[in-house]
Amino acid sequence: MNFTILITAPVFDSQGAYSAYQFAKNVFAKSHSIEQIFFYNAGVYNANRFIAPPSDELNLVQLWQMLAKQYSIKLHLCVAAAQRRGVIEKNLADGFSITGLGQLIEAINASDRFIVFN
Amino acid sequence: MNFTILITAPVFDSQGAYSAYQFAKNVFAKSHSIEQIFFYNAGVYNANRFIAPPSDELNLVQLWQMLAKQYSIKLHLCVAAAQRRGVIEKNLADGFSITGLGQLIEAINASDRFIVFN
Amino acid sequence: MENLPKSMLFVLRQGPHQTPQAREAFDILLMASSFANKISLLFLSDGLFQLIKQQDTTLLAIQNFTSAYKALTLYDINNVYVAKDDLLARGLTEADLILATTLLDDIEISALIAQHDIILNY
Amino acid sequence: MENLPKSMLFVLRQGPHQTPQAREAFDILLMASSFANKISLLFLSDGLFQLIKQQDTTLLAIQNFTSAYKALTLYDINNVYVAKDDLLARGLTEADLILATTLLDDIEISALIAQHDIILNY
Amino acid sequence: MLHIINKSPFISLALKDCLRFAGNTDAILLIEDGVYAALETYMSKHLIPLNLNQLTIYALNEDIYARGLIDRISSKINIIDYPGFVDLTLTNNPIQTWS
Amino acid sequence: MLHIINKSPFISLALKDCLRFAGNTDAILLIEDGVYAALETYMSKHLIPLNLNQLTIYALNEDIYARGLIDRISSKINIIDYPGFVDLTLTNNPIQTWS
């Protein structure tokens, strides 16, 4: 099966984005595929490379990057949602790309499953 | 009277930070003073200078900066809360300064009124 | 994969001004409609407050996003549903709403949800 | 201005893991205690879930912040209160909690709140 | 004491929790989505039966207008604007904002 | 259909709204603070009386352990882990996450 995952939860202020990461990891572990991971609403904060938690804490931005690299997937975020929240090219983490909502709709139409983490 | 204002609401995802701005403006309009405006929790997002809403929308970061300049007040944010959320010197808006929670406690003890916007 | 447009139901359950949720959901909806996806809107709970007439944000000096709903028909989006029970619970009637909607009871809403390929709950 | 330390009541009403609210409130509390402010904690509503024993976050691979509460007495913070009604509503008893607390009914809580200079509600 | 409530009473417990503990002479200020509690419908059904005689409830005019509620507000509500909000914080202390 | 609930039933209407509309054969998955609804206390008081015979309720093991609830979960609850969560999304479609 082929999944599209939409993440609307911010990186630190709620558990939702981390749940999405755990889910995505297990999708791959079961040999399914992910059409797209898309960050919208406060979810765009997941792509801010300036995020620097203490070393003994979870760094979700890095976890997303490692996942994207390992499975060669793109992490998309909506340009309008990102600009309003101060995530722009200058602080965009590697592995993420700033795109538009059209990408999300295409992915939804192309995949077998659509799941939201908020 | 002398106020300390604590803002725990993010800049775009809830109305709280804007309510705090309106309140602060009216405190000055009534010739009271503000000991400190402190941003904590998701409130630290208010200090991200990369925030760039469309030109017909409110830019709260700019409004904070103008207020701080007009009334010569410091806008403080907690370093630990800011690092976890990707607000660091590189994207810190002018007029804000990264400090610690000690500043907040001192301000609370030194002021007549303490009010939170969440 | 055929990439057929899917039917999408937007379930809106929050008031209009405290969060940008409804407004950002609207942007998804517009984009989806340009991809020929069939769109429906369902207002539940505090989502009904988005549709109240006479919202006047000039004193707050912010934009009133909800006026955009009046343009829904321009985008050929005509399936707008409202939970009857939630309207009553808020002391509102159809006459209080800025656009024509279809009132549904909970059983009808259950059937509506079941008819869609994709459900986005904001 | 005299800058006398003020008494502070932290009202904690959210569960431990979904948001960082309780954990960041704790950092304010530690700082305030180092300024000799008198500190009290009041757990209401879902805040009680912060105090449940045997929270085990190893499967989630996140830190368990709530173990920090066991160190409260090291910082001379001994005023920890819990809403009796909210404990009952969640099927919990004092034996389920990781630290010794004082159970209060709603009238006693009302009096407790009224005794403090500063109230921080998280 | 001044209690500030900024969440809708239809979907949040903030107001309900506040009312459990508010003192007789406290003031409650409804702002943002909190102003939905000032609706005649809500007040007459949920608040007036509580007999909160001495408790004064205020609601913020700017947020009432933004939500299109001005013609639906209970007569028990004192409507104030931002300057009035500042005045309330002068006469009532401490201030507790419910999360 | 699979419904995902990640909010506490004690402070959010997500589960209550979901139950108003869930179909007889739908599945509900409780994750994050949603797992508090799986407590024996909550289930026996609020859910079992609703007679949700054909509706299956799942709860996520990792979130149950994190919250110290493993010994307090209702016997009506099907406890699954993340791999089981993925399986649920294969057998149930569409998936609605309640905000």
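In order of appearance the chains are A, B, C, D, E and F, and numbering begins at 1 in each one.
Going forward, a residue touches a chain if its C-beta (ideal position, glycine included) is under 8 Å from a C-beta of that chain, and two chains touch if they have at least 3 such contacts.
Model, not experiment: these values are computed from the prediction.
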Required steps from chain A to chain F (each step between touching chains, minimum): 1
Mutual neighbours - chains that touch chain B and chain E alike: C, D
Any chain in contact with chain B as well as chain C: A, E
Comparison of A-D and C-F by number of C-beta pairs in contact, larger one: C-F
Which listed pair, B-D, A-C or A-D, duplicates the contacts of B-C in over half of its pairs: A-D
Chain copies touching (chain A, chain B) - same or different residues, decided at half shared: same
Centre-of-Cα separation between chain E and chain D, whole angstrom: 26
Whole-Å separation of chain centres (CA-atom averages), chain B against chain D: 26
Computed distance of Cα centres, chain F from chain E, in Å: 34
Contacts with 2+ other chains: residues of chain E: 6, 11, 13, 32-33, 62, 94-95, 97, 99
Residues of chain D touching at least two other chains: 13-14, 17-18, 20-21, 45, 60, 62, 118, 121
Sequence positions of chain A contacting 2 or more other chains: 12-13, 15, 22, 41, 57, 80, 84, 114, 116
Interface residues, chain D side, partner chain F - complex: 13-18, 45-46, 49, 52-60, 62, 64, 89-91
Chain F-touching residues of chain C, taken from the complex the two chains share: 11, 13-14, 21, 44-45, 106, 109-110, 113-114, 116-119, 121-122
In the complex with chain A, residue positions of chain F that touch it: 4, 6, 31-33, 62, 82-83, 85-87, 89-90, 93-95, 97, 99
Residues of chain B that touch chain D when the two form their complex: 2, 40-41, 80-81, 84, 100-102, 104-106, 108-111, 114, 116, 118
Residues of chain D that touch chain A when the two form their complex: 17-20, 60-63
